[in-house]
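Each of the next two complexes has subunit A plus one more chain, namely subunit B in the first and subunit C in the second.
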Partner chain A sequence: MIKIVGKDALETWVDEVIARMRTYGVQAKGDHFSFESLRRAADLRLDYDVTILPPKKYLQPPRETLLRFSGAVEYESVFDEDPFVIFGIHPYDLEAILQMDAIFEKDQRDEHYLRRRSKAVLVACDVETVSENVFAGCMGTAYLESGFDILITKIDGGDYVVDIQTDAGRSIADSLKSAKDANKKALAARREVWNKNKARLRRHKLEVPLEELPALLEAGYEHPIWEERAQRCYSCGSCNLVCPTCYCFDVRDDVGWDLKHGVRARVWDGCLLAGFAEVAGGHNFRRNRADRYRHRYYRKGKYLPEMIGKTACVGCGRCITACTAKIANPVEVYNALLEEKDDH
Partner chain B sequence: MITEEVGERDKCLDIFRPEPATLLRCRQMTRLEKWFQFRLDSGRALGHMPGQFVEVALAGIGEAPISVCSSPTRGDTFELVVRKVGNLTSALHELEPGEKVGIRGPFGSHFPVETEAVKGRNILFICGGIGLVPVRSAIQYVLDNRGDYGRIMILFGAKTPADRLFVEEMAEWQGTEDVTLLETVDRRDAHWTGVEGVITTLIPCIRFDAQETVAIVCGPPIMYRFVILELLERKLLPENIYVSLERRMRCGVGKCGHCQVNGIYVCQDGPVFSFAQVKDVEEAL
Partner chain C sequence: MSKPKVAIFDFACCEGCQLQIVNMEEEILDLLELVEPVEWREAMSDKSENYDIAIVEGAITRPEDEERLKKIRERAKVLIALGACATHGGINKLKNNFPEGEPERYVYGDAAGMPHLASGRVKAVDEVVPVDVKVFGCPIDNREFAAIVKSLVMGQKPFIPNYSVCVECKMKGNVCRYEYGEICLGPVIRAGCDARCPSKGAACYGCRGFVDDPNVNAAFDVMEKYGKTVEDLRSKLELFGSGQEYSDGKNG
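This part shows the complex of A and B:
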């Protein structure tokens, strides 16, 4: 069902959801925006540009208990199956979540991720404010017509089109049933928002057609850009940290004071960090910064696309903003590879 | 958060949950390497093939990927050789028989000894140092199915005589009909009367029909380049040379990203590859 509601009705509904279940939403945080626990609808900022971290943090938490142990081999699996709602996911972040779903489902199912995910209700919203470095328009993620449970779009005139597509969405949208159905005009206005966003979410312009990216990378392995840009890399992993499609992790044990009870947890890791590919005994298979730097762009543009059939950069632009050395812009990297190719 | 009741179904579901195994016997092999024999508490055999690895866990310390060094043809126990290099491996060295570890796996690809690509052919095993550990599993497998293979040649190189592994077993192999075993050490000691030099010095000492021979190579990263070049010069085909790659296989199930070599996950697609599979993979060798 697709409804149209005013701002007040929208807030009333969000407050109802908050009263019922664990709810997260985008809120102001200093000069920036962040997904945080949502206590009242009035705090929800659907007009945000981009959040500091993507909503990934609720689906793959920075630190996540996998197992609890109470002796040498007494392990219990720990699953988080408490339902929750996330309000205000931009389409590019939604696309990143859909990619994570595919990855954690593929071959060996990761029940820790998948069970948590199955209890998440994703309420997306179309972009109102263009952020400093977004290029989702070039990545096919300026808007999505499916993949969310609910999509909220602010249309011309100030009303919101609320598109409820799944059972999970309907389960939290009872009170919207009585709202007006979106008419043709409202749907046309939403289409206009989509078209506008597709055109304007292009702060950086990717010259490479997405389907040609793997082949371009295939040919560009020895390109001087890797060494040149990596020379300025601090190996700080900020690009990994803020990336909605980065999901690599390390596994660690934390043991209690009795040296018997404890947990095995996974924590975010990043392929730009120096020790990422180091093995016991100290040999590091990606010791050079340039190798680690290149690996990131290959993973997003070639390796993961070969695995899941989608470009694993969604154009959020967070890495561009986060990088101290200003070398993390994927568009600059991919365009540079194209220029080199054209020179020949 | 909720904790799952431990049920058989859930055990299979959680790819991160180890199952208990008991240490039956262990023996110090060298200053750094120790041999361990385990049995899964469930009573089932591990179900591995030569070249595969398991994740060994000690609660409170962590997990590490370790190659299985025994053949599945040798009963329902399995054996590991562990070099003491970090927290987990140091703690493993302290274990006494009767104590338990957690095991996940077996994981990864294996030396294809049971396939038509290898059966009926001569096998040339080339191992440097603890590279012998995963390869021993294949050697035992082949010896236990002796009629299925042609000649067996084993080249082993250690840093010093004191670093040699499976010394008694190697003597047995040496005494077996149709098995050629040659050894070298990088640096001899006062007692060593054998060959001195890197492992490639042994390759010219053996004759084989390149069309009818398969090589299984395992050793430190630097060894692969030199050995493979020699083998190619001796006209061995890239698809008949098998290597086992070491990487940081943190999760073992193709998720965590640590063992990735370009587009390949070593824990899933490897650790065993034919040279044909990895020769154009820049980060592999």
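This part shows the complex of A and C:
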């Protein structure tokens, strides 16, 4: 069902959801925005530009207990299956979650992720304010017509089109049943928002057609840009850690004082970090900074597309902002590979 | 194996890192289940020359301290350097930026020549004897200290991050200090503090020292982008970074 509601009705509904279950939503945090626990609808800021961290942090927390052990071989797996709602996911971040779903379902199913994910209700919203470095318009993620449980779009005139597509969405939207159905005019207004966003979410302009990216990377393995840019790379991993599609993790044990009981947790990792590809004996598959730097762009533009059929950069632009050395703009990197090719 | 005997010794420092161990409060009792302290000036009156693990706090500034440290090393199976003064020389090493004797004359004036004030160049513990484990920070993080002790007792290699403060800072959802025009040393400094300072709105001073291969040259480049100078950065690097070496960013 697709409804149209005013701001007051929208807030009434959000407050009802908050009263019923664990709810997260985008809120102001100083002069930035952040997904945080939502206590009242009035705090929800659907007009935000971009959040500091993507909503990934609720689906793959920065530190997550996988199991509790009570000896050398005795353990009990830990799963988080408490239902929750996230309000205000921009389409590019939603696309990132859909990609994580595909990755964690592939091959060895990741039960920790998937069970938590199965209890999540994702309420997306279309972008109202263009952030400093967003380029979702170039990545096909400026808007999505499906993949969410509910999508909220503020249309011209100030009303909200609320598109409820799944059972999970319907389960939290009872009170919207009596709201007016969105008419053709409202849907046309939403289409206009989508078209506009596709055109304006392009702070950086990717010159490479997405389908040509894997081949371009294939040819660019020895391109000088990797070495040039890596000279200025701290290997601090900031680009990884703010990325909505980075999902790599390290696994660590935290043992209690009895040296017997403890927890095994996974913690966010990043392929730019020096120890990422280090293995027993001190061997390191990507010891050089430039190798690690290149790897990130290959992951996003080649390896993951080959694995899940989608470019694993969604154009949120967070890495561009987070990189103090200003070398992490994927658009600059991919465009540079294209220029080099044209020169020959 | 029976409980390892532990002795804690302090050299030139404020003893704040030992205090962090005392600050473990009720967990001290758990700690004492694992190890047996035999000498620890800040917390007990006993003394001993028989120990397995020596924990050394403070920087080394006098020849007699070097001798004492070497004896400690001979007696200990494992030597732990505790805190920034021990691991890097700490803020004591600022002294090495001046001609010998000048800091003493500046601070003590005519009394600078008194024998009890005599001290030389500041050294980190590993500039005098080999160190097995370094517990970084000014002061140390007692949770990290606890994890290191547990690892050692279990015969495992302790987990000590070799990634920058940015990792923990980003995980906490902080806004980068550079966005506010501040010079933060986070990108080149070893994590493990849970990004304590940036999380409270203060730039990183670098008390845990550089990561293994810090790209400090990149930092010099970055200064320009944020309207800062190389001198601004150097002055930040001095407080805890004096005498520390860093790579030229060309390798590794």
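Convention: the second predicted complex is superposed on the first by the 344 of 344 C-alpha atoms of A that agree within 3 Å, B and C clash if a C-alpha of one lies under 4 Å from a C-alpha of the other, contacts with A are read in each partner's own complex, and residues count from 1 in each chain.
By definition in this document, contacts are C-beta pairs under 8 Å (C-beta built on N, C-alpha and C of every residue); 3 or more make two chains touch, one makes a residue touch a chain.
Everything quoted here is computed from the prediction, not taken from an experiment.
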* Contacts of A:P62 with subunit B and subunit C, given as first, second, both or neither -> second
* In the superposed arrangement, does A:I52 touch subunit B (first), subunit C (second), both or neither? -> second
* Asked: Hey, is it subunit B or subunit C that touches more of subunit A?
  -> B
* Could you say whether A:C233 touches subunit B, subunit C, both of them, or neither, answering first, second, both or neither? => second
* To do: Answer with first, second, both or neither: which of subunit B and subunit C does A:F84 touch in the superposed model?
  => neither
* To do: Report for A:L273: first if it touches subunit B alone, second if subunit C alone, otherwise both or neither.
  => second
* To do: State whether A:L241 touches subunit B only (first), subunit C only (second), both chains, or neither.
  => second
* Give one of first, second, both or neither to describe whether A:L259 is in contact with subunit B, with subunit C, with both, or with none. => both
* Should A:N288 be classified as contacting the first partner (subunit B), the second (subunit C), both, or neither? -> second
* Structure fact -> subunit A contact set shared between subunit B and subunit C covers 252, 255, 259
* **Of all residues in subunit A, those that touch subunit B in their complex** => 65-69, 71-82, 103-104, 106-112, 221, 247-253, 255, 259-260, 262, 264, 266, 269, 271, 276-281, 283, 285-286, 291, 295, 298-299, 302-303, 306-307
* In their shared complex, at which residues does subunit A touch subunit C? -> 29-32, 34, 52-53, 57, 62-63, 231-238, 241-242, 252, 254-255, 257, 259, 267-268, 270, 273-275, 287-289, 321-322, 324-326
* To do: Going by the contact rule at the top, pick out the subunit B residues touching subunit A in the complex.
  => 1-4, 6, 10, 13-21, 41, 57-64, 83, 85-86, 89, 99-102, 221, 246-248, 250-251, 253-258, 260-263, 268, 282-283
* subunit C residues within the subunit A interface of the complex -> 27, 30-31, 33-34, 147, 150, 153-154, 159, 162-164, 166-167, 170-176, 178-179, 186-188, 211-215, 217-219, 221-222, 225-226, 249-252
